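Both of the next two complexes hold subunit A, though its partner changes from subunit B to subunit C.
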Partner chain A sequence: MSEQIATIYKRMKDLPSTHILGAGTPMCAGCGGLQALHEVYDILGEKTVFVNAAGCMTLLAVYPFTPFRGSWLYTSMSSAPAGAQGVRDALDILLAKGRIPPEEDLAVAVLTGDGSAYGMGLSATSGAIERGLDFLYLCYDNEGYGNTGQQTSPATPHGAKTATATGPAGFGGYKKDLFAIWAAHRPAYVATVIGTEPLDLARKIEKAKAMKGPRLIIALAPCPTGWDFDPQQTVEVGKLAVKTGIWPLKEYENGQVTHTKVPSQRVPVEEYLKKQGRFAHLFAPQRDEATLAEIQAQVDAYWAGMEGEQ
Partner chain B sequence: MTRALITGNQAAAWGARLARAEYVPAFPITPQTEIIETLAKWIDHGAMDCRMVMLESEHSMITAAGAAAATGVRVFTATSSQGLMYAMEMLYSVPGMRAPLVLVNVSRGLQTPLTLEPDHNDVLAARDSGFLQIHCATCQEVLDQTLIAYRLAEHHKVRLPVLVNLDGFYLSFTREPVEIPEPAAVDRFLPGYDAETTRFHAGEPVSQGVAVLGSSPYSYFRYEDHLAALQGLPAYEAIAAEFAAQFGRDYAPVELYRSDDAEFALFMIGSFATKAKDAVDRMREAGWRVGLVRPRLLRPYPDAALRRALAGKRGVAVVDQNLSLGKGGILHSELASVLYGQPDAPPILASFIGGLGGRDIGPEEFFEMIRIVRQAAETGITPPPRLLFTENELREVRKMQAIAHVERKEAAK
Partner chain C sequence: MYRIRFHGRGGQGMKTASRLLGTAFFLAGYQVQDAPRYGAERRGAPIFAFVRAAKAAIFERGIIREPDLVVVADDSLVPVPMAGVLQGADPHTVMLLNTGESAETWRHRLNYPGTLLTLPAEAAERAELRFVGATCAGAAARLLGVIPRETLAAALHQELAAHGEAVVQRNLDQALAAFDAMAEHAGCVGEGAAVGLDRAPAPAWVELPVDPADAAAAAIHAGATSVEVRTGLWRILRPVIDYARCNRCWWVCSEFCPDSAIKVVDGRPEIDYDHCKGCMICVAQCPPHAIAAVPERQFSEAKA
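Showing the complex of A and B:
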């Protein structure tokens, strides 16, 4: 990690103690995506305009109420980055012409789910990165089309049951590596985060906020509704995602990928899988040893590939 | 003011330049590309103070256009055909944001089969989107209507995006003499952009394009947008009158050509109306009392002006350069809806489909249409819709098929 930049978030008590995102949203109890958004928004601040794509979070701003202190623009499922382009360009024109003073400027942030980020909106994101758009992209990854009832998305992991993968083996495909796809564009910054590691998240958002250009963040978003676990388990599930190594916390900057939190002794992935109804068929009526081994092997292979990097 | 021989595409670009458009999200497509290339050249060489951004699709282009307009700058963009279809989701999204902008569409037929040549199915697919629609017949009109379109879009009681349409090839690539007004004169007609309350900035947070729950707020906003579109008619009339007073060119919502004393009328939009005018002159010479009625404004629909223009006519030939598959001509059914039940409505409203995929409509065909309408007026029986297609055209297609068959047989040997 580039430790040159001094973080103000050294320990948990340095984190903002009050949230600026209002309460009473229609999101499910225990929504890991909302948790991450709270933490991100606290650091970005209210001088942010969120440009949203269709998904669970679209229902945050429902006429005539919004939990945001700042601005909001809903676009479509596929074109939130293009909306960010229009807003950023227009703000730049207004600033250049002196039609708004610098203090009236806004940070432009895209907010989408995985379905949009990994799939339908990928072309618009690729375009925005390639144009060097000065924006922050926050993808909350609940590994499915959550808003429509958790169908399989391009972010659904191997073996998970979804509303469209209901067979005995669950989803047969594999989760797309969006981090690598984004990083291949050589943007200013890419990071993975999770709401249950708020210090790591805060440092990354703090760093991204201070940068210019495309900055892209994927937050794994434990989703009690779509993953089928008790809402009070969100923190536990999130922590296990990191401890098992299934959700590596990392960042990309200047052509380098760095892991920001390496689990010293990785917990077996089944501890994470076991907690979620979408993987229940891997454990009962019989253990699906082959699939469990395959998932574990993939995680092991990932970290084996990372050895020496630290 | 200068006079220049320019294409319809260049006229559209001049419109954007004189309107001092500040932001142009762009994407190429034939036959529109010349518009954005012309603007790009001006911007690159300092003749135009504007920011152009190449998006990766028209869907994104309209998203960026709406977002920038909602942030508070004057936006211009252009597309055609498949591009307009690709953007369709956002064409329906932007009007509800009440973010004014101008989109020039260069009409081109839609696949399948794939074609580069013009007809009006593309622009009519956007008919119900909330973009107001102005249809042009000459290159001069393209330039002038682009300026009028900004006034209309930004009118306090309207605040909706406006689409200005010109026909691919027949206007886009045809050079006509065009008067290019002095920038200072245009500035008097069209002052700088006033975003009113539609803008993003830190001091005054807003939420745009938000969801509603339940039908009441949904209906409320849809009705609001519809009423705003209807406000576009008196607004357009006033703006066009102002334009006429200042520049001497009249763009009433409906163009009437020799129709006052006509017994029969041709009804159509776009550049082929120029051909129809010529046919009207010839029919007049032959002693037929024929006129032309051409709506410039399709959204809002100029109901009253059309009723007035057609009151007392014995018959109307509606020429649709579009085809609603399984129904017929779109202009025909729209016109019928405003004439039905009116005391002086023409008893015969005959439907003709032609000009698809760039097909010409010859003078003899205008004669034939009016001959059919005259006959129908005698018998009182409305003729069935006609799809214009000659034996020669059929022979041409048969020939292609025959050649392909022979080639296939040869290849199989």
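Showing the complex of A and C:
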């Protein structure tokens, strides 16, 4: 395990009690992505510029309304990290020329969904990491193209029904391992988080904020609309994602992957799946034992591979 | 040409309603357009979908401004200006409201000039709301009077088959029950006249002065302006804190609220009802169960 920086977030009561992300956004009621974003923004602070690829969160800032305290830039799905490069360069030039004092410098954060992070924007992200761009990337991963009606994305898990995987077995492919892809670039920091584990999230954002270079965060975003569950279940679904081990909370730095919250006894993954309408066909009219066993086996294999590392 | 507008909240199946009715029209030999309003359609937010149907080719495009039939799945939308429920309604327009109140009450309240009918809104669980779309489509089909019962059923099978037999059957029961319930009013909706270009007003030219770039550019010079948007209107359930039971843990409801709609002042949580969208995460997560979910209707009734 790498050297732990002393965190100021030791317990829940250390988390900020006021929130800087404005209310009144057009995100769905119960949005797990917005939950993660407001928690992240509380830690990052107001001096952050968001570079937002097209997706659900593009609608956060619909002129003349914005929930942010500072600037926001909208890019195509494929080019948010390139946009971040431009903003970072502009800030660096202004700093170098003395046109803004150092205290007016801003942190540059990319904000995209999984369609962009896992798919269309991956090339631009790879390039930005390669150039050592000093930025933070926050991906809200709701495992599909949610803004347009939850079509299959490269983050869609095996067996899930989506607007484009409507057959009796759901999506036949497998969720891409973006954490591993990003970590393979050897950036400063990569982490997975979830809004329903705010303390773990806060510590990771605190750590990332103190670093330089590319820092990339994937937030699993339980999505009432796209995953088909009642909005009040967002936290329960998110907590089950962690307890079942299907969403491992981990971080990468200095070539090492560390799990930050290891479920002591993993809850069977079907407890997570059966809360969601997108997996309902695995339980009714009859249980799809083969698919359920396959999903469980993948989770078990993942954690078996992690033994010895802890 | 028939022009039908379905109003509801995201998640109440208005897009499905328009598809069901559109497909039923098509199977009945009509040319059809059906579309949801494209934009920020969100769970709980006011949305609408529309259908045009005619025996001849349809050249009209865009949102329906002169509806022959307006179907409202959620009566709490009627007084919400942004929902635009009453837009373009005239004495020719039939209004069908899904409501717990009587048609007489609504006629009086709205001073509505045309035919106003009601569907008896059941005090349903939120999870049941998704079936309202099928009810609305079934009722609309009967009011139009040109779609046979079996055509409606065939359209429903065609549109919903991918969701499995149980879902099809549940929707079919709802749609056909509504179809039958409207028997007394069958065919009360008449076709509206074609709206040609000749009826559209000639464009008026507006000279725009050339502004300096810093004034004309789409820049927002203040932070968190989103608070001007009252997303509290999305809510059908209201979380209400029982402060006698609240144990002042302070972070749970406030931290988990996705919408920054719960602030904590001196350890005491306060819910911002102008912006709370009614997701009920706080109700589900409050450790001492000090937050109750109260139907929003009770508050509007108390006010009236």
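What we mean here is this: the second predicted complex is superposed on the first by the 306 of 310 C-alpha atoms of A that agree within 3 Å, B and C clash if a C-alpha of one lies under 4 Å from a C-alpha of the other, contacts with A are read in each partner's own complex, and residues count from 1 in each chain.
In the analysis below, contacts are C-beta pairs under 8 Å (C-beta built on N, C-alpha and C of every residue); 3 or more make two chains touch, one makes a residue touch a chain.
Everything quoted here is computed from the prediction, not taken from an experiment.
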item	value
Clash or fit, subunit B versus subunit C on superposed subunit A	fit
First (subunit B), second (subunit C), both or neither touched by A:39	second
Which superposed partner A:236 touches (first subunit B, second subunit C, both, neither)	second
Which of subunit B and subunit C A:63 touches, first, second, both or neither	both
Subunit B versus subunit C as contact partner of A:260, first or second or both or neither	neither
Which superposed partner A:142 touches (first subunit B, second subunit C, both, neither)	neither
Which superposed partner A:103 touches (first subunit B, second subunit C, both, neither)	first
Partner chain(s) touched by A:112 [first = subunit B, second = subunit C, both, neither]	neither
Which of subunit B and subunit C A:162 touches, first, second, both or neither	neither
Touching partner for A:195 - first (subunit B), second (subunit C), both, neither	second
Shortest CA-CA distance between subunit B and subunit C [superposed frame, angstrom]	5
On subunit A, positions contacted by subunit B and by subunit C	46, 59, 61-64, 66, 68-70
Residue ranges of subunit A in contact with subunit B within the complex	46-47, 49, 51, 58-59, 61-64, 66, 68-76, 78-79, 81-87, 89-94, 99-100, 103-106, 123-124, 126-127, 131
Contact footprint of subunit A on subunit C as seen in their complex	10-11, 40, 42-45, 126-127, 162, 164-166, 218, 220, 223-231, 234-235, 250-252, 254-261, 263-264, 272, 274-275, 277-281, 283-285, 293
Sites on subunit A touched by subunit C in the complex	12-13, 15, 17-32, 34-35, 38-39, 46, 59-70, 166-167, 195-196, 198, 224-225, 230-236, 281, 284-285
In the complex, subunit B residues that touch subunit A	22-23, 25, 51, 53-57, 59-61, 63-73, 89-90, 93, 200-203, 205-213, 217
